[in-house]
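First chain A sits with chain B, and in the next complex the same chain sits with chain C.
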Partner chain A sequence: MTLGFRLTLPAQVLVLFISLFPLLMQLYISLTDWSPLAGTPWPRAWEFWNTFANYTDIPGDTRLWAALGRTALVMAVCVPVEFLLGLGLGLLFVDDFPGKRLAYSLLIMPMMVVPAVAGYMFFMLFQSGGPVNDILSWFSPTPVTIAWLSDPTLALVAVMAADIWQWTPLMFLILLAGLVGVPQDQLRAATLLGASPWQRFRTIVLPRMKVIITIALAIRAIEAFKIFDTLFIMTGGGPGVATETISVYFYKITTQDLVWGYVAALALFILVALSIAAVWAMKRMAK
Partner chain B sequence: MSAIHLKSLVKRFGPFTALKTMDMEIADGEFMALLGPSGCGKSTTMNMIAGMEAPTEGRILFGDRDVTQVPMGQRGVGFVFQNYAIFTHMSVRQNLDYGLRMKGVDPGPKTAAMAELLGLTDLLDRPSAGLSVNILQRLAIGRSAIMEPAIFLLDEPLSNVDAAFRAVMRTELKALQRQFRQTMVYVTHDQLEAMTMADRIAVMDHGVLQQVGTPLEIYDRPANTFVASFIGSPAMNLIPGEIRGGAFTAPGVEIPGFAAADGPVTLGFRAEDAQVAASGEIQAPVYSMELLGDSSMATLQLGSKSFAAIKAAKDFKVEIGENLAVRAPARICHLFDAQTGQRLSGAKP
Partner chain C sequence: MTRALLRTLAILAALAFTLVPILWMISMAFKPFAEWQASGADLTWWPKAPTLDNFRYLFGLGTNELISMLDRTAMKPILSSLLSASVGTLIAMTCGTAAAYGLSRFGSGQNLPLALIQLRLFPPMAVMIPVMMMWAFLGLMDTWFGLALVYGIVTLPFAFWLMKTFFDDMPREIEEAALVEGCTRWRVFTRVTLPMMAAPLAAAALFVFILNWSDYLIALLLTTREWVTIPVYMASLSSSMTGQLYGAKAALGLIAAVPPVVLGVLIQKHLVRGLTFGALKQ
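Our next item is the complex of A and B:
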């Protein structure tokens, strides 16, 4: 063994232990029917051995697939909306205008709000006697009293609105950094060659932003998949399971149903599925 | 092809006046150099011709067409940027036919023809990032030339090139201009570039047009002391003194034969016009000697603050501090007003 390897060995072992041990423990528990209420500590989970029964249960778990579908819907709506809003704002902020600094500070503020606080803010905004309905009432002959968070469809809309409010600023910040980096001379050169604003955007700005757009979309897609805190405070996944995303579902079966063997199997399944999806996405982006 | 007329052009940035009332005519097919130090207004003038900046006052005409209000994309002007502004995420071909594609015109054989003309044929499908400077320059010119603009503007295209390569690029640029026969406006702060390439030079300083003329006119008959000191290497010798009874006098200098009235003036002459001799109009101690290779340069100290450079043979030897006699007759000298620096009518040749 080289000296370098021996010197870093303690750190390597520690890292290995931290990353590998929980994974092996999870794999072990996922092959059993063990639960914290079982009365035996987890190393003796083999007493509840059920081989692959947990894994074979996954395809029939309709609540899981519904939650996955809902999460996909949140991603499919929130990420593109945040991207388009962020890009539009970024294009606006590339040029100077009076009050730009103040507008900039106000615009990135939602990002600074603690997600739990944002959740509570939106919980109050969407109450049937809340400000959202008040504003809608201005445009309606009769007072609007929509029960946003009690309606299965509208609750999901409200939750997505909160996500868009909170995370458009991040998209805006990243995209603005990319837009500022587009060389002005190239834009002028394109203009002098007769390119219209849209052609300049398509042929100069977008190609130059490709990497940064990919990064921004990837960050937001991953975060949107994990959506939990704001949503949980607003609806708790309800009404019923109407806003139950994958994170909320995990939370519930872990803390309420306490089926830890199944949770471990499910978590491993999601990890493998996501890894495959990520590798596929990265290969596509590399092209 | 098209002539350019600048009529009473003024550009102010807030309280700062970048260009003070400029009138200039650039003929069809002419190579005009805008020459001056940084901040003289040459780039501002060029940007206004291109439409990148709007003039505060005045008008710009291309031929008979008033383009003052025409946005930059519609002026039909080719522009070569200081850094060439090549679209580095595109291939050479995509750069060349960019303008045509944006207009929705099929480039057809034009791209290949332009590449042939500029010697870029072998590089057409290479990515443009990482090409050498002279290829980037040709590409930048070709990308504009393919649009067949009436007017070509070049903004210090050689300033990023190292000195050794600049001479090559100058020759290449001049040859390209002859091929395209377009009106070219060339901005530079390098008097050598202006002298070697331009048909006419417009010398500018502090937002004021100092003189317009052929390189030879500007060299031989500078309109004022600024032009005299900016053009030529070394700069023209400028000696403050006075005219008394038709003769110019200054410490160590006594030149007869001027028709100017008595009073203070500034005398100018070029280093290569004066000659070291046994006796002459200038008698002064040598301050320094430099060997230039093909010749040498003696600097004389005239009085306490004034110096004059004299070209001598390369094997010329003299001790520092030794008195040197120089022939500088009135026919090689220029007289400038001591206050305004303007050329005096009595000056020769």
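Our next item is the complex of A and C:
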């Protein structure tokens, strides 16, 4: 055994431990109707064998497709908004100005706040007698008393606002790191030649930022797809299923409906779909 | 001149959006019970009668006339969060650093970079059922070490990628010199490389600790009573008589926010590298 092999062994064991066993168990359970309430331990799940019934149930699971659609909506709104805000802020921070370091440290604070705590924070902010409505009341003749978290549409707006609050700093941080790497002499030369700010941004800054922008968008898209902590604490997926994203749906059928055979089938389906999407995305990025 | 003014205004607006929620939580943590629920015209942005009662209440040191004592103080959940996040960090950093060095210097474990990215890509929710079954079988449910083991695996990708980029950046000359002096490769790793990398190692460890400390979902599924962590415990801070205990929640939220904010400031210059799996340096 070479030293290199021995050094990588613990990590390999952990990866295998978390991928191989769970996958095999998941495959086995997914072919049965087993549930933790079945009264038999899981190794004897074959007593509930139902072949592919769990898999054929997936296309007709309207709650699943609604949750996926909602997750896509959250991604489609939050990621671009966070990107644009982060980019705008980043552009403001390229040049030096008094108080820059302090402003920078304060602006990246939201991403250090534990997401669950951010959830409780925004839960308080969006109460009908809470500070968000109080601020809105300053601009309105009558006091605003919107019940944000009990309205299906507004609850979605509220959880997206929390996500944007927490993760715009991440975009800002990553994009700023790219922006300061753009050579200043080229920008100055372009200015002297009479290029407008937009032209300079499009022809000098953007091409150099391509990789960084791709990384930033990819990281945020992956995390937004998994959105759970903040959202679940703010609304629990409700009212009804109005803010039920894919992770929340998984959580509910795992802990409340307890249909583990079906959850296992669904999990494998999502894993395969994500793998295909990831390979496709990587190929496109490589081009 | 106007440009500078516009920039100042834009940054002030961003700061307001960023800080108002945090300030609200800080203010709530110091509000007495009577001001928690105040709303509409009575809503106060700053506590009229600041008090430490919320913190005292959390640790069972005092009680409010309206809410009964907690049957479980916040002490054990804080301990649980600390233990599981620290030991999880230790697991991730030990395995991640060793593997990163193995790949960086000996080219072993070529499959690891991709395998670990995949591990990060999938929603944890999608593998939790088998993990829960295994943990129940191994007796790891509702224990701090069971939680720590999952944390170690979940943050292994970050530990590995961060340390790999640090090792890749490190000049090899000193290691080579030590080899010429007759050191074994293992001695070079433990006596030369690791001490030289002390600062990056510390930064990576703090980063991984923040990630573990921030978890909610895994603890929600794997701990039930004895070893619930801070975020899971927070949900229990409500009473049938008075509803949500806003003040107590805000106080505990403030306590939970301190370690990541302090550590985050300490490792500010490594944050970009950490968050992008080492793809970007600042």
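We take it that the second predicted complex is superposed on the first by the 269 of 287 C-alpha atoms of A that agree within 3 Å, B and C clash if a C-alpha of one lies under 4 Å from a C-alpha of the other, contacts with A are read in each partner's own complex, and residues count from 1 in each chain.
Everything below uses one rule, namely that contacts are C-beta pairs under 8 Å (C-beta built on N, C-alpha and C of every residue); 3 or more make two chains touch, one makes a residue touch a chain.
Here the structure is a predicted model, which is why all the values come from computation and not from measurement.
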(request) Quick one: on chain A, after the overlay, do chain B and chain C clash, or do they fit? Just give me the call. (result) fit
(message) Quick one: is A:246 in contact with chain B, with chain C, with both, or with neither? Answer first, second, both or neither.
(response) second
(request) Using the touch definition from the top, say if A:183 reaches chain B (first), chain C (second), both or neither. (result) first
(request) Check whether A:55 is in contact with chain B, with chain C, with both or with neither, and answer first, second, both or neither. (result) neither
(request) Could you read off the angle at the CA centre of chain A, spanning the centres of chain B and chain C, to the nearest 10°? (result) 80
(request) For A:191, select first, second, both or neither according to whether it touches chain B, chain C, the two together, or no partner. (result) first
(message) After the superposition on A, what does A:207 contact: first (chain B), second (chain C), both or neither?
(response) first
(message) Output check: A:117 vs chain B and chain C. Expected answer is one of first, second, both, neither. What do you get?
(response) second
(request) May I ask you to name which of chain B and chain C touches more residues of chain A? (result) C
(request) For the combined overlay, can you note the least CA distance between chain B and chain C, rounded to whole Å? (result) 15
(message) Quick check on the complex: what are the chain B residues that touch chain A?
(response) 50, 52, 72-74, 77-79, 81, 83, 85-87, 89-90, 98-99, 102-103, 143-144, 147
(request) Could you pull out which chain A residues touch chain C in their complex? (result) 2-8, 10-12, 14-15, 17-19, 21-23, 25-26, 29, 42, 85, 88-89, 92, 97, 103, 105-122, 124-125, 127-131, 134, 143, 145, 165, 169-170, 173-174, 177-178, 212, 215-216, 219, 222, 225-226, 228-229, 232-233, 246-247, 250-251, 254-255, 260, 263-264, 267, 270-271, 274-275, 278
(request) Spell out the part of chain C that touches chain A in their complex, as residue ranges. (result) 4, 7-8, 10-11, 14-15, 17-22, 24-25, 28, 37-41, 43, 45, 91, 94-96, 98-99, 101-103, 105-109, 112, 115-116, 118-131, 133-134, 152-153, 156, 160, 185-186, 189, 210, 213-214, 216-217, 220-221, 230-231, 234-235, 246, 249-250, 253, 256-257, 260-261, 264-265, 268, 271-272, 275-276, 279-282
(message) With touch defined as at the start, can you tell me which chain A residues reach chain B in the complex?
(response) 183, 185-186, 188-196, 199, 203-204, 207-208
